[in-house]
Amino acid sequence: MDELTHFNEAGRGKMVDVSDKQESHRVAIARGSIKMKKETFARVAAGTMKKGDVLGVAQVAGIMGVKKTADLIPMCHNIFISGSDIDFEMDEKNNRIGIVATVKNTGQTGVEMEALTAVSVTALTIYDMCKAIDKEMVIEEIYLEEKTGGKSGRFVHSRKNV
Amino acid sequence: MDELTHFNEAGRGKMVDVSDKQESHRVAIARGSIKMKKETFARVAAGTMKKGDVLGVAQVAGIMGVKKTADLIPMCHNIFISGSDIDFEMDEKNNRIGIVATVKNTGQTGVEMEALTAVSVTALTIYDMCKAIDKEMVIEEIYLEEKTGGKSGRFVHSRKNV
Amino acid sequence: MDELTHFNEAGRGKMVDVSDKQESHRVAIARGSIKMKKETFARVAAGTMKKGDVLGVAQVAGIMGVKKTADLIPMCHNIFISGSDIDFEMDEKNNRIGIVATVKNTGQTGVEMEALTAVSVTALTIYDMCKAIDKEMVIEEIYLEEKTGGKSGRFVHSRKNV
Amino acid sequence: MDELTHFNEAGRGKMVDVSDKQESHRVAIARGSIKMKKETFARVAAGTMKKGDVLGVAQVAGIMGVKKTADLIPMCHNIFISGSDIDFEMDEKNNRIGIVATVKNTGQTGVEMEALTAVSVTALTIYDMCKAIDKEMVIEEIYLEEKTGGKSGRFVHSRKNV
Amino acid sequence: MDELTHFNEAGRGKMVDVSDKQESHRVAIARGSIKMKKETFARVAAGTMKKGDVLGVAQVAGIMGVKKTADLIPMCHNIFISGSDIDFEMDEKNNRIGIVATVKNTGQTGVEMEALTAVSVTALTIYDMCKAIDKEMVIEEIYLEEKTGGKSGRFVHSRKNV
Amino acid sequence: MDELTHFNEAGRGKMVDVSDKQESHRVAIARGSIKMKKETFARVAAGTMKKGDVLGVAQVAGIMGVKKTADLIPMCHNIFISGSDIDFEMDEKNNRIGIVATVKNTGQTGVEMEALTAVSVTALTIYDMCKAIDKEMVIEEIYLEEKTGGKSGRFVHSRKNV
């Protein structure tokens, strides 16, 4: 079995040395969703600038979350981010909002954790904005859908084609 | 339908005014889990100080995440936290690690978002520590299990008794 | 002439001791504006969720900026904020967007700097969002319009009634 | 009319993808000022290490503010800063302190927002240090005076030669 | 032997629950020093606003460090600080600069770690400002000199009367 | 005598311009220790995952502290870190725990301050975790043991061979 690279010989956490890795263009796409009551979903979906745009606030939080990843995840490198974006998929049938974060960088490591963090912070913000009317919301299934760049090459999550 | 309290009259986000709310002891318990391959689960479960304790690192990250909640969630109040703790539940049958965060404060608002953030950051850190051997991990079903304190009284999520 | 309270006997900066001050409800209102080209103003004013809502992003940044005040201003106390909101005033005649930040707390000190910081961060964000089409923008006249609460009582800026 | 680059197709904020931009040496100079009462100006101007050096504290805050720009401005890239400095211009006739921030980097984007943020944080700190004796201060006219580097080339604000 | 309160039953770190503790006025005084070459000491001691005031920059850093304590120390509570100050003691005979940080709060816990952090950040900043001319500097003996307030009452370090 | 590079012509702090410096691989090793009572040392040394692993928490704090260096030290550049690790040396005879931090980057400046900050935050965290049973602990002698890379070449502290 492969080693967990984030530990040193004493078994304690370390920030992996990436000095010798080559720079490459990297793209990570993470995905998650938040399920809510029918009424809550309707309220978010009907969001207008007049009544309040829940997803607009969540989007800003998610983008800013990308930049806080290394501050949240102990062994994560602090890296320069080339770009990041978030898309929402409104699943009306299931009252579920899909969140897709795409993060890019050029460097020796990254950007899986940044994309996963973006999805998490976006979902938490939707929860916060709606919790006055719905505390039953559930943040569901956050995972790395795809990653390109880096030595290990392209990764596609087994759920992608399901 | 109830209003989303986090918007002002122009439909833009605001930090809700809690000046007139009474202080109360508040406790929030949030829950989530992360599912992984059998080998990854075995590796985490076997974590010792010699080989590297994944959950030890994740626990520290989760506790620190509590204190960063207001920095991550735009309309969330910055509050004094009285205490916070995280527990893990090893579900060997399903190769799933349950994460339970308990956060307490005494104040006019809080601490749902802090507990949910703690679970999220803990799960993200487990992902980060294990991603060298398993990129298929999925963070699953983060929700507020229970909350006491505050005007609205006790809340128990419908999943609790399932 | 009165003393600058933020210096100690050696003439170096200190965080003023407020241990003996009484808690009071405090409200500060700060105001500022950003002037831009006619076309830029028109673009911002026409902001819709479809085309992009500049002020929506700036509002979130301003609210978050309130919580970062003590991190930016060296001798400023870190305080619990009870509520904060931002309003925009569209001055079509002068292609100028007015920014009004209202911040509240209950405590021994605050919240002038928080309100002024909110206006500054909001204006900077509008600049950032529009700088691709207009680098000539000018952030104008940021000041404390009004403050209530605290030992010194109510303050109203001389510009308020102009 | 040119597009606002900070929005995605859904009209929501994004961090622009700069992956394909070439690295270049970049310098941005931003300028602003703070106007105060005659007595306040005299006090700041007479600042010595014995009595307290307002501008010394403000300078440190401004330099540190440069490094917090991406944390404050939602769609702003987090970048490595090569150097930054702040100069003060004492306008005794008008009791106004001019603030000039110069920020440099080598990269694919930057450093206008960093220079503008430096000026803003410096001005806010002067306000904070002096507010015990003068709440009438006004932060005036913050703008980008000059920028070199990057694809769009040299920019000089129309006010520079006035 | 007494228990380490920062661990939960599973042996993992937690933020101790202080909900039931009474608020009290608390003062902590921490002390440390930094030893340097004779020439470096002379340069710092001769610091003027013209030539550059090393201790002025270090003082600002130390005060700001107080506010970052809970962000640095994992199990430390985030608390409201009532006041903080730093004094320097110039030991010309030994080319050593003494650093004394005094931090106050009113609350259920604090403020030892804040005072110790202030001394550490102040010393690190002196090192940074002088490292171009002296890399041999040594940060020496940082400890809690005295603490009042809280259930455990007054503590005085055994070194105080030496 | 050499100049302090962190000051501008007006004698105020600046972030040194490193635009013209060449990138190089850099490694800094900093060292420090914390002395405690015999019982405290025994408790830490006996740390197990069951009873609580003080050094495990301190290690995570130290690694995260590396990433916060530029946020703490005013004139310090914000840089990308390639890797960082912390080792402990248990000096049973003197009840002293040695802390060795190794930090690497490839760039135009760094990484002395990052290594020194890592040692400081690690030591502060050990203090925090143990202060319930021992307030007499002393953080001792933090210094830069060795540095390679950069124009000035290799530096070895005079204490290294003692």
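We call the chains A, B, C, D, E and F, going by the order they appear; numbering starts again at 1 in every chain.
Keep in mind that, in the parts below, a residue touches a chain if its C-beta (ideal position, glycine included) is under 8 Å from a C-beta of that chain, and two chains touch if they have at least 3 such contacts.
A quick note: this is a predicted structure, and the numbers were derived from the prediction, not measured.
K.L.:
Can you list every chain in contact with both chain B and chain E?
P.N.:
C, F
K.L.:
Mind listing the chains that sit against chain B and also against chain F?
P.N.:
Touches both chain B and chain F: A, E.
K.L.:
Among all chains, whose Cα centre is located farthest from the one for chain F?
P.N.:
C
K.L.:
Of the chain pairs A-C and D-F, which one is connected by the greater count of C-beta contacts?
P.N.:
D-F
K.L.:
Compared with chain E, which chain's mean CA position is the farthest off?
P.N.:
A
K.L.:
Report the inter-chain centroid distance for chain B and chain D in whole angstrom, where each centroid is the mean of the CA atoms.
P.N.:
The computed centroid separation for chain B versus chain D comes out at 37 Å.
K.L.:
What's the distance between the Cα centroids of chain B and chain C, rounded to whole Å?
P.N.:
31
K.L.:
Residues of chain B that touch two or more other chains: which are they?
P.N.:
10, 12-13, 48-49, 53, 56-57, 60-61, 64, 68, 71, 74-75, 80
K.L.:
For this structure, enumerate the chain pairs that meet the touch criterion.
P.N.:
Pairs satisfying the touch definition: A-B, A-C, A-D, A-F, B-C, B-E, B-F, C-D, C-E, D-E, D-F, E-F.
K.L.:
Considering the complex alone, what residue numbers of chain E touch chain C?
P.N.:
25, 55-56, 59-60, 63-64, 66-68, 80-88, 104, 106
K.L.:
Help me check something: in the complex, which residues belonging to chain A touch chain F?
P.N.:
Residues in contact with chain F: 8, 10, 12-19, 70-71, 74-75, 77-80, 107-108.
K.L.:
Which of the residues in chain B come into contact with chain A in the complex?
P.N.:
Interface residues on chain B, with respect to chain A: 1-7, 10-13, 32, 39, 43, 48-54, 57, 60-61, 64-65, 68, 71-76, 112-113, 116-117, 120-121, 123-125, 127-133, 135-144, 147, 155, 157-159.
K.L.:
Spell out the residues on chain B that touch chain F in their complex, using ranges where they run on.
P.N.:
Within the complex, chain B contacts chain F at residues 47-49, 53, 56-57, 60-61, 64.
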